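Both of the next two complexes hold subunit A, though its partner changes from subunit B to subunit C.
And now, the complex of A and B:
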């Protein structure tokens, strides 16, 4: 029971890091980026390739996954994403679905369609157990590692957003890009940077989750729904919203799969629809925005 | 991308204060090229019987795209889960044929009305919220149905699909009875006929006051409310109608292939039809037809030289289409003109 809860939290944390970039893009540029999963997949494959082909240690691969996907995100933002900001939502959706299709097919072509395995270092394969009976808590070291990393990331991001100059500029740009630009804030550069960080986070999440979520070329399509659920349910105006939504989704999914194996996904979707009908703007959004 | 209501500037400007009714009715007249195109479409299965199966597929996709066009192109509702209705129509028709009676026309009616009913039930979900909420809710409905169909495998066959859907011959009063054959000739005529009737129906609908107010709603919802028209009522009516048509497409698929599987609810089906519609252009009735033809032909051509990676090319095509814009991509001569848009 507690073990399940723990696994759910780890899963939710992972989803949070994966979806955070999407939430930021969506809230910030009002851009529905379905290709977000492709960045996550890229992160996962970078980890695998670096570890298997180049023999890098696991811990060194994580920052590498972040940096490379962030760079790729920045490049794509500057070249092809920016013209799409002003377009209708449908165009953005189709555009990013197209990108996702391309990413899926390319990975399939260059690396192959078989699922990839991560060779975790030994110190992450341990398992701690406390208590006994129904209240036994078993914690895998890897999941503990994920929770710690993601928690640190969330706290760090929250601090950056609320305490630094960049954070206040970003929030200003989200609230009203035109006025922000009028005040001399370089909105475009902030967008670029944020998009890059968001993609990097997705890459990091993909790398971290390659072991738990499984990694194969259809990854972006399989998990796109989950990312979107996190963003739609959590709202896109804060970090707490997506965090709570991701945790809820992670726990509900793990529990559902364990107790009602056939109805697990069903419950998640029905819950999502119900929440969206109740609060179309997301659970934690500020009222009256847009 | 969407066609706006034709502005009366050209005609009315010269003729002074023309009758607005006449202006709105003008696009509802049949053009010569439309008649010619329909004649050409009907001629294909007559003269190229060996491609009847492809014609059948295209007709079904076109009907599906037509129904999406109604809600997306005309009413402006974004949907990533249109396969929900397709699937309900498909399973409805399949189960009806298997357990109640195998008559195709009755089965078609059953599939259509079932999915229309689902559309009516789910329509309150799409009148609220933003584009993102709508995307999620429509996609969620399709996913829920997929899970349900998977769960109740006693009824639907689950992941194995529902096999052995045998249709009785098609009996049309005063015309005759036709056996469904292996070469899909009868099937192709049947699907084309349904598509044609749906096209006529929609043509009537979109030029009716309901259709015109729908386009007004898409372009400016606030103003429509200010005029005093019921936005919700219109959305519900349109969504139900579109759902019914999508269900008809699903029913046709099952009846002509004799097989229903979970595939009918899958996300890629919603994505494919969206793609077909976008290629053809949303917001005019021919968009669905042209898009379906283009999509299937594109699929066939690309898969013939790279079967596994055809999604790459379709993705590239989509990205280019969206970046460059429909109008400019299909009208290369406008690349050199300045000052447009």
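And now, the complex of A and C:
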């Protein structure tokens, strides 16, 4: 029981980091980027390539995955995403899903389509167990590591957004780019940075999740739905929203697969429908924002 | 200007070359009617690409060894990629039959792909050799289907018998939720219960899911003597890792499986956790026969990877088609099908027979244990069930 809860939290945390970048671009920049999963996949493959071909240690690969995908995100934002900001949402969706398919096909071509395996270092493969019977708590070291990392990220980002000058500029730029620009806020540069950080987070999430979620070229398509659910349920205007939603979904998914294996993967959708019926704006949203 | 002149000159040269080539062709012995074509449809991309890659390599090996001739004719193999999508398989099969006039269809990496193509084989009276897909019912989908891989009931029943004889009383089954998984679950449980064992629970995981955590936790809480697993070729490594991470091996739960899980293709990547896993299958790269040693050596000389059970299905499939073509002098249709039935030969996996009645393969099933041999992990055979027919067809 406690073990399940623990697994659910770890899974939810992972979903949170993966979906956060999407929530940021969708909520703050009002841009629907369905290619988000492709950035996550890129992060996963960077981890695999660096670890297995270049022999880097695991802990060095995680920041590398973040930095490289963030740089790629920044580059793409400058070159191909920016002209799409003013376009209608349907154009954005078609454009970014096209990017996703291109990413899937190119990974398939260059690296191959077989699922990849991460060889974790030994200290992350341990397992801690406490108690016995139904209240036994078994924790895999790796899942513990994921929870700690993601929690730190969430707290850090929340602090940046609400406490720092950059955060308030970003919020201003989102609420009304024209007025913000008129006040001397470099809107373009802020969006560029935000997009890069969002992509980097996806890359980090992909790298962290490669072991648990599995990694193959269809990754962006397989998990896109989950990211979108997190954004839809959690709302996209804050960090606490997606965090709560991701935790809820992660726990529900694991519990559902354990107690009702016949329904299995469907639990998540039931939960989403129920929440959206109850609060169509998502769990946490500044209502009537747009 | 210069550019266009060179292009034109180039065209002329090409034309002249073509013309002379045509002349040579017309005069030489290799006329069109002296060639027979075999259409092979495999998942070369997508999640089952490893199946396609293995069978493709085996087919190339067979072509090189046989000289590419059968029944006095030159054999041409057309390999098409269906990416594991049934619609595509069906369309490709239709094109191969109608446009390319192939004498036989072959390949078929997954059950749905084979089932989707069956009506085309029936309507066009084209023999269809299933080299991979392993659900029992496939050969009943068309009277033109011949199988050279294996059936899951063959493997699952064998390991169920072994388990019941080896002090395993209570088992939980965990299978991927699709045709072959359901077959494995059904035949394992019924055989195991027949021999006096109990099945504590039957779990299924989604075909594409890679997170086995909830299912494995449930297994652990049920504390069975052993966990029986079937997963499609390719998911084994991920599963083994999570099995160890969750501490199931330390909780005293044995892992028994069909050989798909300890696939030769991936076995080395699994690491020590795979050691000692007992499983049942029809082929191991470590099968101790002269025929297999030669097969493995030749295969590895041409490829960077080890042959697995998929490759041997492809290799034997080619043999069945070639021998049948030899017998019919290159004729196709019903004559070719008749020549495929009842073939007996020594495969790298051991002696096999294509049962004339069911068109399914009859073969030895081996009980193996994963061991370290010369620094590499192999499935080492320690028990044999002779000439196993598909239990799915013994009613």
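Operating definition for what follows: the second predicted complex is superposed on the first by the 290 of 290 C-alpha atoms of A that agree within 3 Å, B and C clash if a C-alpha of one lies under 4 Å from a C-alpha of the other, contacts with A are read in each partner's own complex, and residues count from 1 in each chain.
Everything that follows uses one rule, which is that contacts are C-beta pairs under 8 Å (C-beta built on N, C-alpha and C of every residue); 3 or more make two chains touch, one makes a residue touch a chain.
Note that the coordinates shown come from a computational prediction; the quantities given were computed from them, not determined experimentally.
If you put the two complexes together on subunit A, you find that subunit B and subunit C both fit without a clash.
Of the two partner chains placed by the overlay, only subunit C lies in contact with A:125; subunit B stays clear of it.
Of the two partner chains placed around the shared chain by superposition, subunit C is the only one that A:7 touches, whereas subunit B remains out of contact. Ranked by how many residues of subunit A each touches, subunit B and subunit C are led by B. Residue contacts after overlaying the shared chain place A:108 against subunit B and subunit C alike. Within the superposed three-chain model, A:32 lies in touch with subunit B and out of touch with subunit C [touch as defined at top]. Applying the stated contact rule after C-alpha superposition, one finds that A:54 touches neither subunit B nor subunit C.
By the document's definition of touching, of the two partners only subunit B reaches A:94; subunit C does not.
Contact with subunit C, but none with subunit B, is seen for A:117 once the two complexes are overlaid on the shared chain. The superposition-derived angle at subunit A (between subunit B and subunit C) is 70°, Cα centres, a multiple of 10. Contacts of A:140 after superposition on the shared chain: subunit C is touched, whereas subunit B is not. When the shared chain is aligned, subunit B comes close enough to touch A:269, but subunit C does not. Note on the superposed arrangement: subunit B and subunit C approach each other to a least C-alpha distance of 5 Å.
Subunit A uses residues 108, 265 to touch subunit B in one structure and subunit C in the other. Residues of subunit A touching subunit C in their complex: 3-4, 7, 11, 108, 112-115, 117, 119, 125, 127, 129, 138, 140, 142, 211-214, 216, 218, 222, 254-258, 261, 264-265.
Residues 1, 72, 78, 80, 124-125, 128-133, 135-137, 139-141, 143-144, 147-148, 150-151, 267, 271, 274-275, 278, 308-312, 314-319, 321-323 of subunit B are the ones touching subunit A in the complex.
Interface residues of subunit A, counted against subunit B in their complex, comprise 26, 32, 80, 83-84, 87-95, 97-106, 108-109, 221, 225, 228-229, 231-232, 262-263, 265-266, 269-270, 272-273, 276-277, 280-281, 290. Put simply, subunit C touches subunit A in their complex at residues 45-47, 49-50, 203-206, 208-211, 213-215, 217-218, 234-235, 237-238, 241, 244-247, 269, 271.
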